[in-house]
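Here subunit A shows up in two complexes: once beside subunit B, once beside subunit C.
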Partner chain A sequence: MSKRKKKGSGDSRASGDGPRIGVFVCNCGTNIAGFMDTEDVAGYSATLPNVVFVRENLYSCSEAGVNDIKQAIIDNKLDRVVVAACTPRTHEPTFRAACKDAGLNPYHFEFVNIREHCSWVHKEDRDLATLKARDLIRMGVARSAYLEPMEPIIGNVVERALVVGGGISGMTAALELAARGFEVVLIERQKHLGGLVKSLYEIYPWGEKAADYINGLASRVERNSKIRVLKACEVTDVRGYVGKYEVTVSSGDETVVAGIIVVATGARPLLPEGMFGHDSRRVITMLELEAMLLRSRSRRKKVVLMGCAGARIPGRFYCSRICCMTAIKNAIIMRKKWKADVTVLYRDLMCYGVQNETMLVDAKKAGVRFINYSLENPPVIEKDTVTVSSEILGRDLKVPVDLLVLSTPLVPQDTNVALSKILKVPVDEYGFFLEAHVKLRPLDFATDGIFVCGTARWPASIRECLEQAIGAASRASTYLARGEVEVEPIVSVIDEEECRGCGLCVALCPYGAIELIDTEKGKKARTIDVACKGCGTCGATCYRHAIRMKHYSDEQLGAQIRAAFVKDP
Partner chain B sequence: MLAYSEVEGLSRKSGGFTLKVRRKARYVDEEICNACGDCLEKCPGRAKDTFDMGLRQRKAIYLYFSQGIPAVMTIDPEACIYLKKGKCGVCKKRCDKGAIDFEMKDEILSLDVGSVIIATGLDIFEPGDLTYYGYGKIKNVITGLQYERLINATGPTGGHLYRPSDQKLAKTVAYVQCVGSRDLNYCSYCSSVCCMCSIKDAMLAREHDPESVSYIFHTDLRNVGKGFQKYEKRAAEEYGVQYVRGRVAEIGEDDEGNPIVLYEDTRQRKVESLKVEMVVLATAATASRGSRELAKMLRVKADKYGFITTRNDQPADTNVKGIFACGFCKGPCDIPEAVSQSSAAAQRAASHVLRSVGAGASKA
Partner chain C sequence: MSDPSARREVVVVGGGVSGLKAAIEAADQGASVTLVEESPFLGDLLLKEGRIPPDGFPSLCLSSKLINRVVHHPGIRVLTNSSVKRVSKTDGGIKVSLKRWPARVNEACNACGECLMVCPIKPYDRFNEGLMLRTAIDFAGPRDFGGIYNIEKETPACQEKCPVHIDIRKYVGLIAGGRYEEAIKVVRDKNPLPAVCGRICPHPCESVCNRGRQDEAVAIDALKRFVSDYEIAQRQAGKFVPPKPKKDRKIKVAVVGAGPAGLTVAHDLALEGFRPTIFEAESVPGGMLHLGIPEYRLPRDIIMNDVAYIEDLGVEIKYNTPLTKKFTVDDLFKQGYKAIFMGVGAYEGLKMRVEGEDEYEGFLDCIKFLKRVNLGDKSKPGDKVIVIGGGNSAIDSARTAIRLGCDEVTLLYRRSRKEMPANSWEIDAAAEEGVKIHYLAAPVKILGKQGKVVGMKCTRMRLGKLDASGRRRPIPIEGSEFEVEADLIVPAVSQRPDISFLPEEHGFEISRWNSFEVDTSTGATNRPGIYSGGDAVTGPATVIEAIQAGHIAASAMKEYLSQP
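On to the complex of A and B.
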């Protein structure tokens, strides 16, 4: 990591007559300019107090746009930069870096979101959107005048990783981290490593016996001197922050200290209790079929595999991604092993990619029958037949059956919600873990130093789980290899003179980031900078007003609020 | 970063590889050029704008696209009058920074590296061979990527769906799925991303024009990613996107240039035809052109479609130690998959290099 402290990263407020603010209004193609008059907005910005430079850009985040900002800072001696564009989640780092490159403290940058907060939500009224963008920019400009320079906080990173979950993803992540030379603690809830894959027969698309693969992986994990495995053990509490997470585990009083955490808790197939006559004998789940294939004695001759059993229905409106291929894989196996008649009932066949589609074609060649059904007319299951209303043929088909296999979707682990609260990371509406950015940061959480991979995130094939696990190890390594971490300096600052040491803030801080210390003047609260997330809970509750939030101070927010109510000229 | 460069050879050496890289002449000094655009104004040379999918012309000196990195100009030697005939040089006169250099030659670089990651991405299947879809003959039949340029604010129509034949705003658009994909004659695999892509495109059309109507002709709608099913539903409920299950048989054209889509609706079990104002072909995505040659050069295995083959149990690793792959060059994948895979390839490459360094150190 570069530790360069560029010139100008100190206080660069103009010594003259107040701040020199530059405003950059982004068109974002039509994303913004399509729904408001950005030229008007830019023109208006130029009339705001202390604004000495305004530029409208097609794409402010492009290299040309960023260079333009840098040049404008230098040419116009700007000491505050306001970009009115999109969400800070994606491009705040881009623009902060531009400020830094041009010699401005990166915290002298103010982001005004006129896309998500304006153009995208006011598509139907161009004039009002334009007015609102003016308001938002006026508020941002007002706040920017009060911005203060800050330096990032540097913390140390404990060179140890905690991997939660000892299935295929967790074990793979652990091995990859160990290969980079880092210590790993792997926690598994069950008594054995292996997870869901342990119960499978063969792995698609390459046909290896699942037990061989997973046992091989488990023994490599157990033999690896860098990896400590804690079995029959769960995470019960996590304190701390990126670089130094203190993790309490259920096995005893021990606390595991780790620099980063990888969440690989997997998923489980939905149990079809009461659905489609499930009885675990004639009507079974796909997982029960895998067990049947493993036992190899039992044979059936008339097998029907039913897709989307409990998936893509109201209330569980997602596709579980892997069930079609699992069904097709097992259909081919049953054709070969049992010489059975195999019919697959499906709504859409989700054989995306090369290998999956190839497998589908192979299944058809092997004589597997495929019958399409619709959500509105699900198959009717009777003792010896399944009646399918085929959309394509426009009539009912009676398929004889002596084994009905339900492809139930993968559903999130029941423990996900509890774990998400312990780790302070989100889950989605279904209970799968929610990554920092669904497209661009699939393996990161928004919380620094915590990563996710495998089916804990979303249903995934084994190959995809492996890719994600190796990828998560890569993401985690970026912290572990550096040995130190830069943390946002947006933290609370406690005025010890004012603080009475009541401890209310200590009790309320959701991150354990405030401690009470003994001083000559009695107990005083103090913020642990690296742990503080800048949420502001402490500041809002301190009855002595002894706590100030950096970057969101009363002066800054006050100016922003006052500007909201200024009458637009 | 070596943009506008290609790998031309690879040889093994102890602890890694030596790559031969051709750094193509831009005829513009990357260090000096700041893409101000003065050079563009009077350039008389013309060529098809490949970034805009051939929908408009660009000058012989050009910026590949407005957000491109590095943001520097390039002279197309096929279109530049000076480079072909030795006369002109207007851009050189216009550039007061002196960034233009007609004498620039391709450079051959030799790079010693510990490991190689292949991430050559994809190309789009050319649908001209499927004569029944009329691409290339019927002007208002375009590909998905051409559509992306039309709907884009920096594209040739400034983000409006002005159709190619008469620049009229296209209000009814048909999207034809599996063009070349899942087709035993061409790409027998599924390209994975086109279903979602067409839905997104149809939603964009409605956002640009509240009267826009879209039809998506599909077989299976393969929306398997996070949140994709909801997206599919939202498109139908809030954006008026109509899904028609059925493979399009043929596309014709009426006197006004409107495409006529002939199809079997397999849900209604009827053969129907539908007049629309524009057709967007969701063309298959293929391994990028040259990927077979690259695979051969690097001695890595590729499948019959030219996608780089990696180990099932170690999906970032090719058959050659020290060479890894990620993204679409391995086979169709969407953005989060590609990002995950790229992290995986980086991890494997880092481990490999660290091991080689470690081994080297212990030998020494």
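On to the complex of A and C.
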């Protein structure tokens, strides 16, 4: 490119009316300052071309730090701001907002990550970390000189929500959204609403009949005029973007248009095929016990409940969270209803929450025996006895048994992976859906306008499912209530003169954000701004170089790369 | 769809991570949110934790993101240092009353901490349940920030205690800086009788002065006296500039009685541009100041100075013009006065209710006695005088009697010195001058001969349990009677308003103590346009309380007269 020759190493703008760049080096308490010489880094930053202001801050993201940035922009007439701190994922919006408040275009802000990319990975070598931070900042400063002002893209939001999954979480989310006045389409794979809870007997810790609760909820959903329920129906394709998702469903290929999507597909209990001698008669799962209690037909006198059957083992490390409480609840029920001898075999008892702890005490009072076992010495299951090696007593105990109940963990639905591909949202290593941020955005997906709740995300109790459902509905309402959505303008721009309409970019775009349109000069590709995530796939693909990425232009990245290989003065 | 932005005022209580999240969520949904946090900073526990499990992410990264969003969100108003006082249901909503605590020191503060060392104001520490003191400026917050400095702003104890809430701290400070003219303006802002109060105010302000905990209270009253003396000197030197009242509203107002309450009302209304006229029964202004308080305590030229100030505002005082059965409030209305203030005081001495009280001659209640003397009759009232009572009037009577040349003056009080309502320095002075004071003594029977008083039989008392007034109830000790010779008995047991001037059909609501029944927040009597205050409402009380009542009535009268 011709520009490259003219610009040289990017410092030619130093003379005359070059940009006025301000650099802010964050100490992040000791997160950064503890592993490098931030003073040196700040001092070095001041020598970089076009840099007119440098400030070292203890916490740039604190209110004081942000105010400091604003003040510096105004006082020093800065037109580019470079913050060398942490990941853009947490604080880019913060600093952009600061720029905006000070009258600067928010896209004149450049984030240099000297924490995750530098101080945290070079904890051992202080000098190296300092040098690397210098490099990173030099690159950031070089790029910032080429930043262009941009305005956010505003899109409309269809005031309709799509809830995938008609279990307790999905129904609660749908009712919540309907109560806020939004239309809801609820899709359920089965022929009836209710999900996993429908096959339970009583709900801990209150001892409420699960059927009463879930049927009441289902009938409220069915009767709600704002909610349209599509049963025996699955999502087959999703196109579009936040504010306007076009969802194709399996029943008659109907298309549902919705502003947001709530994923509440739930989970299923692990079927212990071939494990522990499972035969659904004498050795059953907890869910089968619930069914047995529901039918209240058979009665057994010697019951053993075994926890962590298939959970917290190599290959499935996680705790299913709900099994201990379920086992205790059912132990009490069998003790009272069947007058059975109940023994609970456990590895660790997880009974968090006051009511659950009370339930544990009640179980002990009712005469339920609790025996601890370890992963190394699992119980040996025979026809009439279970031999367990007690961790506490240090010897084997033989427990007579005529019913062995296995607490198997909740595992992801088999359809999760397929659905995640349709929705373009991630799943974790086990196949549960993965939220955007474990703390800051626990119910959002990284993709705007798609939310997750209930056991689709992770094993959860009914109470937690309800909390998450209400929370997800609340999160979704933030989009629906505003009626419009602001999208980052970091999108691709297609030069229609250069475009030959080959359609390669259309085929490759993972977000369906490019369409081919007929013009007088033949077919041309065009970006759908709201849908584009700015990933750059199209730009890299286009052999005509007709596609330019906003905010990551060739000039900007070129300057950054050139700065990376400058010999240190 | 139903508009979800219809009910849209949300209060989030608590600025921790849940509160911040809730506020953002609600505001994102279009609500206007008020976030209330008790501490001076947002983030709460999240800020105090260094890192959060499970991955040990620095907590500040999370909280600062949330805090920044909250602080910069156009839909969120943040009230730190605030707490919820009351929550009540209203029509279709909830009303939340908040209390805002101290003010934050602005960003210029670099947290050097010097202020903490020199702060002289030590309020009780709320954090420690008020069991200890803190400094008015204090800091709180996460250690990494060095804390956020706040000033606990509260009304100074003296100002709060003063019935008219003079900004004492301000004028004392101005005096200390030698700015006397400004100081007297601050006093006059709330107190139209500074020279008088500078001498006879019981100064409750000094009793609560924080300096008193260290050594001795600031001499607030004496300082007031000093600046008022300064003003008098300026006046005499012809350098005094009277204040300018607001634009003349051409509305006539009548004030009955030139006592402290009446003078205050006239003063306030004159400043507001009304035309007050004071109708005074006696030939001198000041009411009890002149008639009740002996000259040695309150020189007459001092009263005249404060009255002259009020007259300078355009207030006319008509002396020797009492309201009578023939010259009533209705006549005042007929003369064109649009509102009336009844500041008639409490001039009727109460009886002791002792056997023989009505049989003999030789009684003179303290008010009549003091009035006679104060109006110029300096003759000796008797040789041996007994004064009964423990208030300032009793002491005044006793001291006056001594000064008139009475041979023996005895003062009887039924409780001990500790319970005596008179100013302690007055009691000391009385004893110094030769008044014989019998504490824990009460009259039993008046002794007389040939229709004249010759003495009094008394009994010793002891103190029992606390009574309704919070003082220990005196109980007679049987067999402890003793006799005191006397040819004049001055009961000074209390007074009540003398309302004998009112015609039969006056239409006022009168309490069983002969005082006017008024609305305490406005001073309004049951008759429209007629207000009252001071001793006429409360019974005998202090000058400063009468001034307070005057202010209250004057502002209500202004409101009343401003109505179209």
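One rule holds in what follows: the second predicted complex is superposed on the first by the 552 of 569 C-alpha atoms of A that agree within 3 Å, B and C clash if a C-alpha of one lies under 4 Å from a C-alpha of the other, contacts with A are read in each partner's own complex, and residues count from 1 in each chain.
Just so we're on the same page, a contact is a pair of C-beta atoms (placed from the backbone, for glycine too) under 8 Å apart; a residue touches a chain by one contact, two chains touch by 3 or more.
The shown structure was predicted, so the numbers you read here are calculated from the model rather than taken from an experiment.
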Combined model on subunit A: subunit C and subunit B, fit or clash: clash
Which of subunit B and subunit C A:G315 touches, first, second, both or neither: neither
Which superposed partner A:G29 touches (first subunit B, second subunit C, both, neither): both
Partner chain(s) touched by A:T90 [first = subunit B, second = subunit C, both, neither]: second
Touching partner for A:G252 - first (subunit B), second (subunit C), both, neither: neither
Which superposed partner A:L58 touches (first subunit B, second subunit C, both, neither): both
A:R180 touches, of subunit B and subunit C: first, second, both or neither? both
Touching partner for A:G274 - first (subunit B), second (subunit C), both, neither: neither
Which partner, subunit B or subunit C, touches more subunit A residues: B
Which superposed partner A:R482 touches (first subunit B, second subunit C, both, neither): second
Subunit C collision site on subunit B, chosen from 76-84, 130-138 or 310-318, when both complexes are overlaid on chain A: 76-84
Residues on subunit A lying within both footprints (that of subunit B and that of subunit C): 29, 31, 58-59, 61-64, 67, 180-181, 438-440, 474-475, 477
Complex contacts: residues of subunit A adjacent to subunit C: 28-29, 31, 58-59, 61-64, 66-67, 86, 90-91, 93-94, 97, 101, 159, 180-183, 438-440, 474-475, 477-478, 480-482
Residue numbers on subunit A that touch subunit B, as the complex places them: 27, 29-31, 33-34, 58-59, 61-64, 67, 123, 176, 179-181, 203, 205-206, 208, 213, 312, 317-319, 321, 348-358, 361, 391-394, 428, 432, 438-443, 453, 457-458, 463-464, 466-468, 470-475, 477
Interface residues, subunit C side, partner subunit A - complex: 1-5, 25, 28-30, 52, 54-55, 57-58, 60-62, 64-69, 71-72, 107, 144-145
In the complex with subunit A, residue positions of subunit B that touch it: 34-35, 66-71, 152-154, 159, 182, 188-190, 192, 207-208, 220-230, 233, 245, 266-267, 269, 303, 305, 307, 312-316, 331-333, 335-337, 339-344, 346-348, 350-351, 354-355
